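Report on the following structure.
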Amino acid sequence: MKDLIEKAEVLVEALPYIKRFANSTIVIKYGGSAMSDPALRASFARDVVLLKFIGLRPVIVHGGGPQIGRTLERLGVQSTFVDGLRVTDDQTMDVVEMVLGGSVNREIVALIQQAGGRSIGLTGSDGDMIRVTRRTSPDRDLGRVGRVRGVDPAPIHAVVEAGYVPVIAPIGVDDDGVTHNVNGDEAAGAVARALGAEKLILLTDVEGVLDGQGALIPQLTVPEARKHIDEGTINGGMIPKIECCISALEAGVGRTHIIDGRIVHAILLEIFTDTGVGTLLGR
Amino acid sequence: MKDLIEKAEVLVEALPYIKRFANSTIVIKYGGSAMSDPALRASFARDVVLLKFIGLRPVIVHGGGPQIGRTLERLGVQSTFVDGLRVTDDQTMDVVEMVLGGSVNREIVALIQQAGGRSIGLTGSDGDMIRVTRRTSPDRDLGRVGRVRGVDPAPIHAVVEAGYVPVIAPIGVDDDGVTHNVNGDEAAGAVARALGAEKLILLTDVEGVLDGQGALIPQLTVPEARKHIDEGTINGGMIPKIECCISALEAGVGRTHIIDGRIVHAILLEIFTDTGVGTLLGR
Amino acid sequence: MKDLIEKAEVLVEALPYIKRFANSTIVIKYGGSAMSDPALRASFARDVVLLKFIGLRPVIVHGGGPQIGRTLERLGVQSTFVDGLRVTDDQTMDVVEMVLGGSVNREIVALIQQAGGRSIGLTGSDGDMIRVTRRTSPDRDLGRVGRVRGVDPAPIHAVVEAGYVPVIAPIGVDDDGVTHNVNGDEAAGAVARALGAEKLILLTDVEGVLDGQGALIPQLTVPEARKHIDEGTINGGMIPKIECCISALEAGVGRTHIIDGRIVHAILLEIFTDTGVGTLLGR
Amino acid sequence: MKDLIEKAEVLVEALPYIKRFANSTIVIKYGGSAMSDPALRASFARDVVLLKFIGLRPVIVHGGGPQIGRTLERLGVQSTFVDGLRVTDDQTMDVVEMVLGGSVNREIVALIQQAGGRSIGLTGSDGDMIRVTRRTSPDRDLGRVGRVRGVDPAPIHAVVEAGYVPVIAPIGVDDDGVTHNVNGDEAAGAVARALGAEKLILLTDVEGVLDGQGALIPQLTVPEARKHIDEGTINGGMIPKIECCISALEAGVGRTHIIDGRIVHAILLEIFTDTGVGTLLGR
Amino acid sequence: MKDLIEKAEVLVEALPYIKRFANSTIVIKYGGSAMSDPALRASFARDVVLLKFIGLRPVIVHGGGPQIGRTLERLGVQSTFVDGLRVTDDQTMDVVEMVLGGSVNREIVALIQQAGGRSIGLTGSDGDMIRVTRRTSPDRDLGRVGRVRGVDPAPIHAVVEAGYVPVIAPIGVDDDGVTHNVNGDEAAGAVARALGAEKLILLTDVEGVLDGQGALIPQLTVPEARKHIDEGTINGGMIPKIECCISALEAGVGRTHIIDGRIVHAILLEIFTDTGVGTLLGR
Amino acid sequence: MKDLIEKAEVLVEALPYIKRFANSTIVIKYGGSAMSDPALRASFARDVVLLKFIGLRPVIVHGGGPQIGRTLERLGVQSTFVDGLRVTDDQTMDVVEMVLGGSVNREIVALIQQAGGRSIGLTGSDGDMIRVTRRTSPDRDLGRVGRVRGVDPAPIHAVVEAGYVPVIAPIGVDDDGVTHNVNGDEAAGAVARALGAEKLILLTDVEGVLDGQGALIPQLTVPEARKHIDEGTINGGMIPKIECCISALEAGVGRTHIIDGRIVHAILLEIFTDTGVGTLLGR
């Protein structure tokens, strides 16, 4: 009985957080180990379903680089990279859409449903939701790689209002209706902006934002983050994620978090504890 | 961190219960030690607020015998009891209404609001909600003591739909609009029936229903309960509570519980564990 | 037949007033003889129910000083007064809440229901509706006496939209959820402001606002009222009521009335005749 | 003041009737002296507007035989009558529609609006609302004279829900969309049936249903009415009106009234007094 | 089959226009040959019904000068004209209302319903919809001839939202509720303004706006139209129609069209082709 | 102009069909040449968008056998077939989901959007929409091949109500949440049943149902179809499609059509002509 009462205390301790985030929209960029490790996958799905049931509105945006790479390899399609971006010809884009929309997206929907939730998968081309312009590079044509211009939240609202957790693949369409590959973090940031989300959470495979000495920075304001970037005291790979957070914050998203997806229940810990598990980037 | 993760696990363990009871109406008869002991009062209030925030619809019905007694005493009003019922003349009824509606009810509303909830108090005469006929006794006139004929759920719906936890004082009105004293358990049962509640929980100052040897009976069907009553193997004081549960079950309430209000978080334990803390009376 | 036709004419004469006030919110401060005299009580209740049925939205706010005094006396609790305000220690406040919420409020609800209306009683602590700060006095601590900071109209709207006449007891809560005694006129004015009421009617035991010669002033603008106050040509006891009207008018209430509650059907006469029965205070 | 208070008493006396008929649909067949006498016209319009404002839903159906006759005469069109029905060739029907839809109907709409109400006129061909089959006579072709088969209440609901008093001209359409002349009483009865009205009131130029001795019968059940008809103790001209009431009653209309439209405020008297001014025909 | 496929192609070609005008309100002034020629009448009705069914919201405003003239003649009522306006005494106005509201309006409603649509007729006095002031002339009293001051769109909205095509007779009411004769084009323009219509179409008996040489001007801006009027290069009879279009455009109507109602399916051609059949007057 | 008027006539001729099918749900099984031939693809998309805009509710269900086959081949995965069903091991199912959900489904969504519509793709696992049991074969394990047990229409309703054309991939989930390959015709039939569709249209690569002599049977009742099957006078490949139609008809679908998808605008011709282009199977 004592044990049970302690468990009840834990529930009661969560109350202030439940109250604070009731009806809040939380956009979660899902990827990395949290997506590849079976235990973390299951923990992620249960966290999402719990959030949904206690009154929050989780929206999942995923990536899928590794899976795309593996399938391209199996099909014998070669890829070139420019500035970290995969040059995406039509043949490659067919595989990108197939993997993101038909494989990664479907697995996440299934994962959430097996954890007891109800979910519907979308890609950014559903309802011409994620609108892009083609990215250009001075050196060479990147092909169908898009930069997000805007997000029409209507398809997401339709899914959320019907009671489902939307899971969104990072594909965009240009003005001619041509699909483009989009960076998952960038898509998540744009979705958060369009929804006026209270929180944007980027799941990563690092502890959070680290300073020059490799120590975790638990909290950062936008000016502080900009200073770190200017002074080069932040790891390069983290910069696009920080930029994505800054642009979400500037568009009205309440708080953004770059957290360690390698920890079980990373999302719950972020939402239901004061310290969180990574870096909070706020205004 | 390990500690935090364990806490997250507790939240996740609650998920199946949260799902099962989403949008369920839970009528709770509040009284006894849970109402007099400060620590239990606070635990009760937090439990109710938590239920509200994770998507259930708690409705509180309270008693107030001891408080009525104390105030009558302070005012020098004598009471007679017939078959355990307080003979209620007009003067006494004035005190009953004043104590139930102006003191006990208000304290519970305040308690819930201090725990972070939003609450509105009602008495059974608001909107002629609890309708009674006068109880009669062969021996002598009981005065304004009522037997519940029916409950109009409209005032409760108005309060619940506006987002408040209703707290209801057990006062009834007869066809002439005259107020009567009503037993709290009986009022709770009638409210549960009128709302088509999923659960009726009676908080008591005993472990639950005990058998002839004083051992807790964790689960009872209606026929079993009737058999116990017929054979006299159940304590007399428990019989009205069991009758109240049976009549609620027969009117469509899903499950009824007679639980030990002396345990902190008794309500949460009842709802979020399989074993519960008392006796489950089901069909 | 001729008699009946004359009655029909009276109904038809009321039409322009019915049209003018259709769907209007009318806040009525109820107290004094209108509350203590049985014939006036019945007339008040029928007036309120009639208003409700012909499409207005009456909202009742009551006082209760005399009843509180009587109960304190019966319980042997002494009261001190500072500047006409009862010093309210915790023990006194318990009695105030009990009498206002459990006795006066309940009687008015019953009265309206016996006249054929449907009514729900509220106190200012329901849903933390009436928010106060503690009044201070240079001389001594007044205890739990509050000054209204604001009113959350949500509980009132919930009750009105469900078709009930709300009856509100003048109790307020501070930021810590502690209840305070509030002046009834002040509460009525604040409720009228929060609801954007078309009319605020204060029922008094005098003819209305009297000038220096004791003659009734049928109509006053805010500047005129201010001039009377400055020149001392208005009775002191009337000044807080006038201030309450002025502050309601400044917050958008359409018209305010200080009327003679000793006249039967005072409210109907105020609303359905051009002359009214007291003083109209407008902008 | 005493006079005013007496007027207030009259309003309060109306309360039980206002309550009883709140939101009730009252179909009124308007015609005869009530339509031709200027004082009665004004009294009718004010009554209708009063009913609307105090929460009832009046629906007006009118006739127009005399006006049609006068216009036909002015245009030099001859009419033949068979069994009291005007033989209606195409030329006559053009005049019928013009007079009913463009003159009588418009005047009633104007009348109600001048009395302070808001009204929209409809004819039975709007939205193919009143559906008829052609009446046949063994002797000769009656032309475009219709018998009502059914009423689609949708156009009436649209008008009522938008807050207007509908005024309906008795014109019907057959399956080919051809308009027909319809008896006004019959149209009113069919409209009352289709709306599930609480009351159907037929305004006539007699006191009500008279017995063999010419004395008013204040109240009649359907079987009694049938007996009177069978025994020939009721005036022949009244029989179709009684049949119309019976068929409305059988289709669920609450009460029907054949009243004396020559009395000012006949409608108010019918609704707001227990005795009424004519004959009540109930089940 | 080939023939059928060609027909399908025609439907598909209409798609961009259907999309562009989905949910658009199109006010059509109906009159002239389109109203007098049987083939054109039928074509008009089918066009209107088609528009309704494919998702547009047609609103019809009609005239009726010739019909009024014929009926006045039959009744032997003489008319005088001042500046092209019929001097309208009370007797004349009775005929105007009878003809417009009871004959012309009813025929159009029947026409649309026979073509498979659902329609409700209104006149500008329904719900005091079309508000006028009396036109004055320096020379002599014009009688009940009105200039439109404004249109209350509520009756039209009620009819449209219930799924009917409104057909509106050009009658107006002044502040005293007195009905007046109104020019049909002017009424149509005012209705289009009040509804914020996307299109106003005036059906005429000429090709459109013709230039000094009698050649059709397919498209005109407001400044161009003004220049033509100033330079006198436009036929005088067309000027009021152009003024009506200009005032609609200035009040927010999207586009206005003066088209040749003598062509079958003139409305469809205007809406579903790029060239249209007359003159487009835009901003 | 004459040419334009003829086009307008075509639109008007479509009116009776537009009326008949307003708000009707039309489930279309899309596949075969209509999906592989570029001209037919474009014609299909325009037809669907046209249906949507003129007020019907098209719902698309697609197949994808050939595309699955090609991708399996490219990936070097071998397939075995039992009774025409692809034995579907886990590796194969991954490819099935990837191709159906990520490639075929996305192309159809893009096609519809490029034709001017708004569309959202779903697979049968979204919201656990298409529920299956595993098909068994006496000979060998078929792997993840499902037989449809039921369809939850909620995800489809969410998409349709938000204004999008749903495009559904034939994937099902069993009670354990495991995805299965489902026959496209069968999925379309089950979707039509769940939606209570007015029409189910199966696009094929043949003229329709042919009789023993190879002649098209334009119309068939269920008993006739059963007789043909029993007597073996219908081609074997057509039998499952006929069974699918019969089961849809028995569940309340209005009419079913097996039509020739090789004809441009086959869908429009089916809906907007009386003869149609294939076989109508009705009750």
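In order of appearance the chains are A, B, C, D, E and F, and numbering begins at 1 in each one.
What we mean here is this: contacts are C-beta pairs under 8 Å (C-beta built on N, C-alpha and C of every residue); 3 or more make two chains touch, one makes a residue touch a chain.
These figures come from a predicted structure and were not determined experimentally.
Novice: For subunit D and subunit F, what is the smallest step count along a path of chains that touch one another?
Specialist: Each step joins two touching chains, and the minimum needed here is 2.
Novice: With centres defined by CA atoms only, which chain is the most remote from subunit E?
Specialist: B
Novice: Express in whole angstrom the distance between the two chain centres, defined as the mean CA positions of subunit A and subunit B.
Specialist: Spacing between the chain centres: roughly 46 Å.
Novice: Centre to centre, by mean C-alpha position, how many angstrom separate subunit B and subunit E?
Specialist: 68
Novice: Out of subunit A, which residues touch more than one other chain, so two or more?
Specialist: In subunit A, no residue touches two or more other chains.
Novice: Enumerate the ring members one after another: first subunit C, then subunit D, then the rest in ring order.
Specialist: C, D, E, F, A, B
Novice: Please name which positions on subunit A make contact with subunit B in the complex.
Specialist: 1, 4-5, 7-16, 18-19, 22, 43, 46-47, 49-50, 53-55, 116, 263-265, 268-269, 272-273, 277
Novice: For the complex, which residues does subunit B have touching subunit C?
Specialist: That would be residues 71, 74-75, 94, 97-103, 105-106, 109-110, 113-114, 118-123, 125-128, 154-155, 157-159, 161-164, 173, 177, 179 of subunit B.
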